[in-house]
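Take a look at these structures.
In what follows, chain A forms one complex with chain B and a second complex with chain C.
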Partner chain A sequence: MNAPVLSVRDLVVDFPLRRGNFRALDGVSFDIARGEVLGVVGESGAGKSMTGSAVIGLLEPPGQITSGEVHLSGARIDTLPEEQMQHLRGKRIGMVMQDPLTSLNPLFTIGDQLVETIRQHMPLTESQALERAISLLEEAGIPDARQRINAYPHQFSGGMRQRVVIALAIAADPELVIADEPTSALDVSVQAQIIRVLKELCQRRGTAIMLITHDMGVIAQIADRIMVMNAGKVVETGPVAEIIRHPREPYTKKLIGSIPTIARSGDAPPPAPEDSAPAFVDVRGLTKDFDVGSRVISRLLRRPGNVFRAVNDVSFRIRKGETYGLVGESGSGKSTCARMIAGLIEPTAGRVVVNGMDVWSVSAAQRARSRAVQMIFQDPYASLNPRWRVGNIIAEPIRVLGLARGSEVEDRVADLLRKVRLDPVVMRKFPHEFSGGQRQRIAIARALSSQPEFIVCDEPTSALDVSVQAQVLDLMSELQSEFGLTYLLISHNLAVIRQMANDVGVLHRGVLVESGPVDAIFDHPQADYTKMLLDAVPDLAEVA
Partner chain B sequence: MFAFVLKRLFQSVIVMLVVALIAFLIFRYVGDPIVSMAGVDTRLEDQELMRERLGLNDPFYVQFWNFLTNALRGDFGISYRLQQPVTRLILDRLPATLELAFVSATMAVVIGVLMGIFTALRSRSFLSGVVMTLSLVGVSLPTFLIGIGLIYIFAVELQWLPSNGRGATVDFGWWRTGFLTESGLRSLILPAITLSLFQMTLIMRLVRAEMMEVMRSDYIRFARARGLPDRIINFRHALKNTLVPVITITGLQLGSVIAFAIVTETVFQWPGVGSLFINSVQAVDVPVMAAYLMMVGLVFVTINLIVDILYYLVDPRLRVQGRAGGH
Partner chain C sequence: MTDPTTEPTDPVISTPRTRWQRVRDSDIFWSYSHSPVTIIASIVALGLILAAAFAPWLAPHTPFQPATVNLMDGFTPPGGESLSGETYLLGTDDQGRDMLSTLMYGARVSLFVGFSATLFAMALGVSLGLAAGYRGGFLDSLIMRIADVQLSFPAILIALLIFGVAQGLIPAARQEQTAVWVLILAIGLSNWAQFARTVRGTTMVERQKDYVSAARLLGRHPVALAIRHVLPNVLGPVLVIATISLALAIIEEATLSFLGVGVPPTQPSLGTLIRIGQRFLFSGEWWILAFPAITLILLALSVNLLGDWLRDALNPRLRK
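Take a look at the complex of A and B:
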């Protein structure tokens, strides 16, 4: 009946660079109606965020809109001068950004930031603006908003901060909210809450939402329509259920196909019956206390300090050649567990026995341990030394452990690169010349270089795109069957665990609440926490 | 907050004790002051008498204890060279140094921060390029060369400003100020510029680098997305975040303005503590050197304390950490 809230026609964004023009968006067209949620999906570099930035007029220079039109409620906005665009931002178009930890100014209270935004767009007095700020926070789901209005951002958890960001985005009743990966940095259960907040907002206020995400599950939960993007172009647009059930374009099919789901049974072989194989890795009563800020004086007097128990009496065993998945939300002690098992930090109590050898017993075993146990880290960008060539990165463990010398080292490196499906020529290159997925392959090659039998993988794919994630997971499975590797796989992504692991343990506040075969736990969870986690996961199967 | 300040104060006292010990140790072994004080024709008995009177024959710990207790009373002994109480000598000359340091520090901070902001926000403009190039000169030229250059241009060639001394001063009992007379103010200009130039360019480059970093951060982008005008984004959100790291460096730099004005004071014949120190070094005037070292230590410790408290006030995240540590 009336004009859509946002209408984009043939949008082209160019980055004139010294080496030539880079076309970031190429003929993007879409509409969003009042009260509608449009999900924009695609892998990194597809131009999703770029589209959002172009609409709100915040393209990073030298990026510019070369052609095409952007209409907001029927009026063209892409040609407006900067001062008028400034009045539009925040007032008629709100924005929610990915990382709630960095999108609030750490030096101002959330009340200050809300009031300043409200007063910028509305003719209100200080106290009226404060009242409005409190009601906005309540609407975004922050309890005791009146008491917390004078708190600083760091006094809130990630999920709470994202609610503050949402309150800021809707401060002046915008017609359109652009949410750029609003839940990607959050835990599943928190993610579900934030999605609910956004959805209610959309229904109550009739706000149009442009939801940018790489997570198809989130889109399936909240969006009305999907726009799939790839390489700056729109691949296809349509209602959610239709696109997920009957994707027309091959790219969409590939994208949807590579998403692991918790409903599907794992590809991993069914676990061998209990006691048939001896435990290869045996973790018994693992406990870690962290000393949080006890005073100097009480430390001098040997008074027990303020102790935070990050991991509390965790026990499990992994049979040879199998994968044990450890799930839990941030702060549950997953990574602390991983580091203790890999021998990086010393446990307060408990034993880790790998292949009959106590990891933390004698120093003589240290060499053998660093050879037999390796680790793969979450961030492939941070875990590779940027100043070293790939060849040296992979060769380092070989040299340190004295596994080979001279030209033999290079042969080994070449062999390892082939194993992770990379061309051996790349050993001359530096890490920044590779994509995230390729870097994680390099990290895997490094982990394999000492011929370990047991690899601790701490969130190995959470920094990667879905299709790349699928490739890395496939590679890990292949290597497992090829070399009989044993994995401890740590992830917050339940679907990944279901696909990869034989057994799974659920960690909550340092305590292992449940442990057992994957299928049993995922299909018939016993602990309340496990049920809650499983419920919170957005799943494509619900829509399809 | 109170516990935090108390803790820092306690640390400061320890630092000062260490400085005192080092000052005492170094200068005790720096040479025999009697030799430099006495002429060739002084009789050995007289030399021995002087030695006894100055307490140089006492054991080491007695000397150090006397040094400490006297220092606490503000008594650093008598200058070997000038035969006057050291404390008087320093207090006489301290106003000159403090006034010079105050003016140059103010210039350095105000001009440095303003230019830093300007060059960060207009990083592509022609004027920023000019300022940045000139600032390289400020950073790389040694202080004495700048001082001599300024004297040559403004005092010798143009004859606009005096080349040395403090000019006429007004006496307020223990404080002699050059702020109240025209010649005093005119004499201040060249040394103040010389002393502040290095700090100014340093602060400017620091503020610029920090500010450009902050302008790229997510919360600035989000502030834009909220529709805040540039004025608020630049001077409220960005500036405050810029200042957090700048405070530390600037604080320490200002300490060195007071402590190491020696070169500038020598070039301009400025009657401050720095030139007193140089003359004392030449004469191996141990009490003056020790007192000077203590003064420099005190200046740095005090500034550090102020910087820490400022940090605490500017950044709320530190306050919470402090509170968590208090439990």
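Take a look at the complex of A and C:
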């Protein structure tokens, strides 16, 4: 066996900060062989991306490699001067970054960018480089590459742009490609295609790939070996199937255990009672049009502007104490739905009836007094006012709605904090002092503080790490049974929906293509779109 | 599923720290203590502000009471002995007034006008910017177009115009008393647009955030939302603009007083002193011009440097 393409030994990266040294990587060692895909997983802050940056010598200052060695095809590269590293990057190591929007220059055509990169690293003429660019794009799965080579990045969709980035990364035939969360910004259906492209490239060209991702499912589909990282250290390394089926380390076990799967696991929620049960939430013909590109003049002339129908005639009902899951990809209109149902965006047409009250027939203040609906938002960093103390954030609904007064308010807040398993002492803290998971619990406590019966949860866990996601979902289930809450759960994550919901609706371009009991839809999808969606989900269970 | 209690209990409740420890540990303090220029600027600014604020107690003479001024002492050079046998550290002006005391009283007027005008501009700009950004639509267009028009003229011209019109409306007999307030009004009105623009921009970003949506779900009144939720989150940049705008207001006041339209000669500001002093520059009495000018430069420069530092220190992207 010849030397591995990339060999990292005892890599230590330090960030000397003014509050002391922060050791970002602590003794990381691994190898990647020719044509092998090494998946690097871990939660945020585990040091996955840091490893990638250290290998290509692009650590953010003041970060520095304190000890350890990095070898590329047998030659040591971590001690090379910057000019030689620059030559290495792009030529021998290609990079694919998370966000395809920012990794391409919007002012140049993709052809220009490819040709420039190719000619920088290879002795080719302009026209030879162009030919090579076209064949690279074709290889990355872009149809009609010859016609589209003069297009600008904004003329491509997210998935297509990521293919262009991949073409750029392999332009100079590198030995190693470092892909840092290459599919995290993409929808599942697109993600599946990108994974396939990467995998094929690796096999055909014998390129070694270091794939950094938080998504175990992606790794399961593409990688040969897994390296699990936590807190700057390598927890364990091994073949994919072995690690997933028989994890040795407790951390890996916990990580894998907390990943929800779309396969029905364990107890199914009790079979839904007959449809005769009265609907607690009744959504009828919900529609939302947005004006796009209507100019002042056409508005003055009362000309009908260009209308984009974001949500089109969506109807469903939720029984009391149950969870309705709404799934869809980005742009499917699920967040717009959530906001219309919660009372934040006025629908163009349709009715939302919660517990017998038509949400949009009353004023915002009346709606609030009825305490019918509350909401939990996606980004726990934006949903808590950064200038307010946690105690005040949770107490605001109690005070505004006059549910308690005086010292009773504080007692209630303490009680709510205990319910979401936080120490009541944290009342005096500000949101920035908490982690993402803790913040989301504070947001849940706030939603509960007005004692609602129905909570709209818009992607409540998509900003969280998997193990934290598991905790938040558990908490939501417990609170549901304790208070008899009814949930509308919006998510792009099919596994989360399967785990939490009784009924599910699939939203595609604003239209509800399918709706029904979770098991029926997941096991026997009727609509083509649902089938495609379910097929595209990378799932651990598929690694047999 | 994992045990929900396994998430590390928050480190925030572990170590109670005193207020001073927290201040000393903060990023702002760190960036302050690592910038010698800022430290010097803050000492200079603080010294000038204190000297001006406590002028009635600190000044060696009371320069604007004719009884205490000796005309014989006029044009005494700095440190020199006057005809009446007194020494004046910074010399005297043409009427025998002690320059040091005149400066302290002059800076007092300049700083009072500067601070008041900035506060007025800030109050006006922040309210209008908040209203424009939060409400949007016609109100937004109206306020921002007015701001655009105003920003297309030099601030000093606006202030001159406002000052002229306001003085024209006030009967001549009362002009002397009201001059300072009219000046504050004029400078304030010529500086609100910067505040409004910045606040409008940040407000438009903040009002999209979900904490505002969460409060909207409680049916809170838009005004309460804007003031209680949005306002505290848009004040960071305002603080920076206020500091820089303070330096501008001081210079603007000096310019107006230099042109002779500012404060009345009975309570001269730094600008008035410079106007008086420049008459004597070529006859050799340089100190009558030089000291007010140096004071004005020091004041404006130190406040400006503080503003620059504050802008960098509050911007996490520039933080090292």
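Just so it is clear, the second predicted complex is superposed on the first by the 527 of 544 C-alpha atoms of A that agree within 3 Å, B and C clash if a C-alpha of one lies under 4 Å from a C-alpha of the other, contacts with A are read in each partner's own complex, and residues count from 1 in each chain.
Here is the rule we use: a residue touches a chain if its C-beta (ideal position, glycine included) is under 8 Å from a C-beta of that chain, and two chains touch if they have at least 3 such contacts.
Being a predicted model, the structure only gives us computed values, none of them experimental.
Once the two complexes are laid over each other on the shared chain, residue contacts for A:A171 go to chain B alone; chain C is not touched.
By the document's definition of touching, neither partner reaches A:K233: not chain B, not chain C.
Number of chain A residues touched is higher for C, counting chain B against chain C.
In the superposition on chain A, contact is made by A:R387 with chain C only, not with chain B.
In the superposition on chain A, A:R205 makes contact with neither chain B nor chain C. In the superposition on chain A, A:T117 makes contact with chain B only, while chain C stays out of contact range. When the two complexes are laid over each other on chain A, chain A has no residue in contact with both chain B and chain C.
Contact residues on chain A toward chain C in their complex (touch as defined above): 18-19, 254, 257-258, 339, 342-344, 363-369, 373-375, 377-379, 382-388, 396-397, 400-401, 421-423, 425-426, 429, 433-435, 437-438, 443, 446-447, 450, 467-468, 470-471, 474-475. Interface of chain B with chain A (complex): residues 7, 217-219, 221-230, 232, 236-237, 240-241, 244, 314-317, 320-321, 324-327. The touching residues of chain A, counted against chain B in their complex, run 56, 58, 86-91, 94-95, 97, 99, 102-109, 116-117, 120-121, 152, 154-155, 165, 168-169, 171-172, 292-293, 295-296, 306. Note for the complex: chain C touches chain A at residues 1-2, 4-7, 9-10, 12-13, 25, 30, 209-211, 213-220, 229, 232-233.
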